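Chain nomenclature is as follows: A, B and C, assigned in order of appearance, with residue numbering initiated at 1 for each chain independently.
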Amino acid sequence: MDFGVVVRNINFLIIQGLLGFGNFVGGTLRLAIPAIVLGFILGIFVGLGRLARSSRIRVPATVYVEFFRGVPLVMVIFWFWFIIPVLLRVPIPEYGVALTAFVVFEAAYLGEIVRAGIQSVPRGQVEAATATGLTSAQVMGFVILPQALRNMIPALVTQFIVLFKDTSLASIIGYVDLTKAAQIVNNREIRPFELYLFIAVVYWLCTYGMSHYARYLERRLAPA
Amino acid sequence: MKRAVSFLWAVAFVLGGVGPGVAETTLEKIARTGTLTIGTRTGSPPFAYVNKQNAWVGFSIDLVEQAIVPAISRKLGKPIKVEKKESTPQTRIPLLTSNAVDLIAETMTDTRPRRESVDFSLTFFVTGAQFLVKKASPIKGIGSIAGKRVAAQQGSTNARIIRERVPNARLQEFPDQPAAFQALVQGQADAYTNDGIQLAGLKAKAPKPDDWKIVGDFYSYEPYGMAMRRNDSDFRHMVNTGLMEAIESGKYFELYDKWFGPKGEVPYPLTAENKRFLQMQVAPK
Amino acid sequence: MNYQFDWSVLWTGQSGQWLLQGIITTLEISALSWALAAALGVLSGALRTVPLWPLRALATFYVEFFRNVPLLVWMFFWYFGVPPLLPGPLREWLFNHAAEFWAGMFALGVYHGARFSEVIRSGIQSIPKSQFEAAASTGLTTTQAYRLVIIPIALRLIIPPMTNESLNLLKNSSVALTISVAELTFQTRQIETYTAKAFEALTAGTAIYLALCLGIASVMSWVEQRVAIPGMIARVSPAEH
């Protein structure tokens, strides 16, 4: 067992793999953070769409959710990697492919969480808000969503953690994230146990940090 | 965000049946973007690999950067950058056909069936297939691999030949060279087959080079060429011009010496026969 | 560039065979790792309620560590990192009997075991204490209470989240392609490598996954309705992937 290989390459693993600064196109955080933000935004639309009264919006939203929940993320990544450039006749860099695949895929799951959150707000709130003269858009924006968001935080953060872990799949299309960086070093040094154990610990630290922050948020935002 | 919006517009356009009408040629695309995107390996020393300083280097990469790109820059009248993307035997042709890369500069053998999907440049290296085995292994070449576990890269010419010529060898196919080599290291395979020069590179860069030996006569002829999209004559001409000029001016042999010379990463002397072959590929001015 | 569609690649030549082999391998690896995951999930779930502190800590460590690391990393770890540490004869056997399949199976099973554990644990915790008390007050012994009241309720409660996690397991089996397991997604890549018909191959693979997932989900939904206890409030939990 020679953990020296980790020490010798720690710059490459952390700065290139985790953060994304270096000679290669990569970075777990560089992919995860925008994916979480954009995925959440799209997820709100998807969740609202699932609750829309008009079936012209509700049905496509439902099909979208059921479709992406029924296929593996690896498949979705391959779709975006192979087919979209052919359709658009323009090459798309790995970062764009990975980011789009993650946002589109995770929005289906985040949409369900948003939907459950909205549905958990008591009906009385809607009625009271309407009674004070707010339009339905204002009701949604000022009354329902804020309360729904508070309820959703545990489930949302769980899903964000899942998304963070899923960014490792971007390594399949050559994006140099933490996992791919470890692969590159391993290919040269052949020390898989040490290297993969190391990045497992790094991933664990990140996700532990995220869930810790979530518990803190929950306490902060709990209704007085 | 801007890219996402334009992406959505592009999707709408295409789905609406209105797409860009005229396909541009590779040279036009390089002139427009100022970048030549190549597909190359990350684990095939010394042609294309990530070295101990975690820099992406290699003989094939140098040929592109120091022989081909100068020719293209001169022709287009502007400096051209090189962007590298990883390719493997499985992904290299899709990467080309989807326009993700313009040129495959790695260790791809020029074969007739492959010429039906891609075009090749001049041959820039000549080698043949052999076997890499543990020092104490009884395997001596293609004649002694019957029943043994042989690792190869999925989609390589070597895998196909073993499957055809020695059907009772237990062929195990791996997505790329490092995975296949690890199988050999861990004892999952008895031999790893690839082109001789690549085996030499792998052995030289292995943690313990003396544990391995390369055995067998060349059981196939493997001329390496750079691959590009079909029917793209201008670009192909530029690539060939770059290679020819490098051979003519001696730059090629300088690079050869750097990687394969006595002080190079993987010493592999250039035979007189191969040198002549390379020189004879240079069309007269 | 032009793309020529050619759907016949899916059933002519070897492609049809590859797809079939891919489906079989996917189902095989999913079934075996499901069994491992269920066993680990129940075991670690149980250990977390035991009064002995070290056992509780071990179970918690297992769940928290394995659940929070990406499955892909586990795949590489089990396939590349573990075999060199095994004793010689076991390693030999493994290398002669599809090491990648077993590595993939263990990676999937151990990872999802940690996730099943959470599902089972929150399922049991959500049973109101009043059920335990009511069962005791009708004269049932503890064993009888568990066998006749608690476990039947627990099993019904966890059907939706367990179905969800099981489908996740099935979908996650696709990650095994990175260690050369010839499952369904791998085979779609194989077809695409040899015929260059990416669109057809990906469509076939996607359709099969959809059919499998939607099929299993509807069967489990029917099962849930069949075994529902009237008056028992169903747990509605947001789907996690």
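Here is the rule we use: contacts are C-beta pairs under 8 Å (C-beta built on N, C-alpha and C of every residue); 3 or more make two chains touch, one makes a residue touch a chain.
Please read these numbers as outputs of a predicted model, since none were measured by experiment.
*Asks:* Among all the other chains, which ones are in touch with both chain A and chain B?
*Replies:* Per touch definition, common to chain A and chain B: C.
*Asks:* Report which of B-C and A-C is connected by more C-beta pairs in contact.
*Replies:* A-C
*Asks:* Farthest chain from chain A, going by the mean of C-alpha atoms per chain?
*Replies:* B
*Asks:* When the centre of a chain is set as the mean of its C-alpha atoms, what distance in Å lies between chain A and chain B?
*Replies:* Those two chain centres are 35 Å apart.
*Asks:* Roughly how far is chain B from chain C, centre to centre by C-alpha average, rounded to an integer in Å?
*Replies:* Their C-alpha centroids are separated by 39 Å.
*Asks:* With chain centres taken as the means of their Cα atoms, state the distance from chain A to chain C in Å.
*Replies:* About 21 Å separates the centre of chain A from that of chain C.
*Asks:* Quick one: which residues in chain C touch 2 or more of the other chains?
*Replies:* 1, 80, 84, 178, 189, 192, 198
*Asks:* Two-or-more-chain contact residues of chain A, please, as numbers and ranges.
*Replies:* Residues 82, 86, 89, 183, 186, 192.
*Asks:* Among the residues of chain B, which ones contact at least 2 other chains?
*Replies:* 23, 94, 97, 99, 182
*Asks:* Mind pulling up the chain A residues that touch chain C in the complex?
*Replies:* Spelled out, the residues of chain A in touch with chain C are 66-67, 69-75, 78-79, 82-83, 86, 89, 109, 112-113, 116-117, 155, 158-159, 161-162, 165-169, 171-172, 179, 182-183, 186, 192-193, 196-197, 199-200, 203-204, 207-208.
*Asks:* Applying the document's contact rule, which stretches of chain C touch chain B when the two form their complex?
*Replies:* 1, 80, 83-84, 91-92, 95, 99, 178, 180, 189, 192-193, 196, 198
*Asks:* State the interface residues of chain B toward chain C in the complex, per the touch definition above.
*Replies:* 23, 90, 93-94, 97, 99, 117, 149, 154-155, 173-175, 179, 182, 186-188, 229
*Asks:* Within the complex, which stretch of chain B touches chain A?
*Replies:* Residues in contact with chain A: 3-4, 7, 10-11, 14, 19-20, 23, 37, 42-43, 49-52, 54-56, 85-86, 94, 97-101, 178, 181-182, 185, 205-207.
*Asks:* Flag every residue of chain C that touches chain A in the complex, lowest number first.
*Replies:* Touch residues, chain C against chain A: 1, 3, 64-65, 68-74, 76-77, 80-82, 84-85, 171-175, 177-178, 185, 188-189, 192, 198-199, 202, 205-206, 209-210, 213-214, 236, 238-241.
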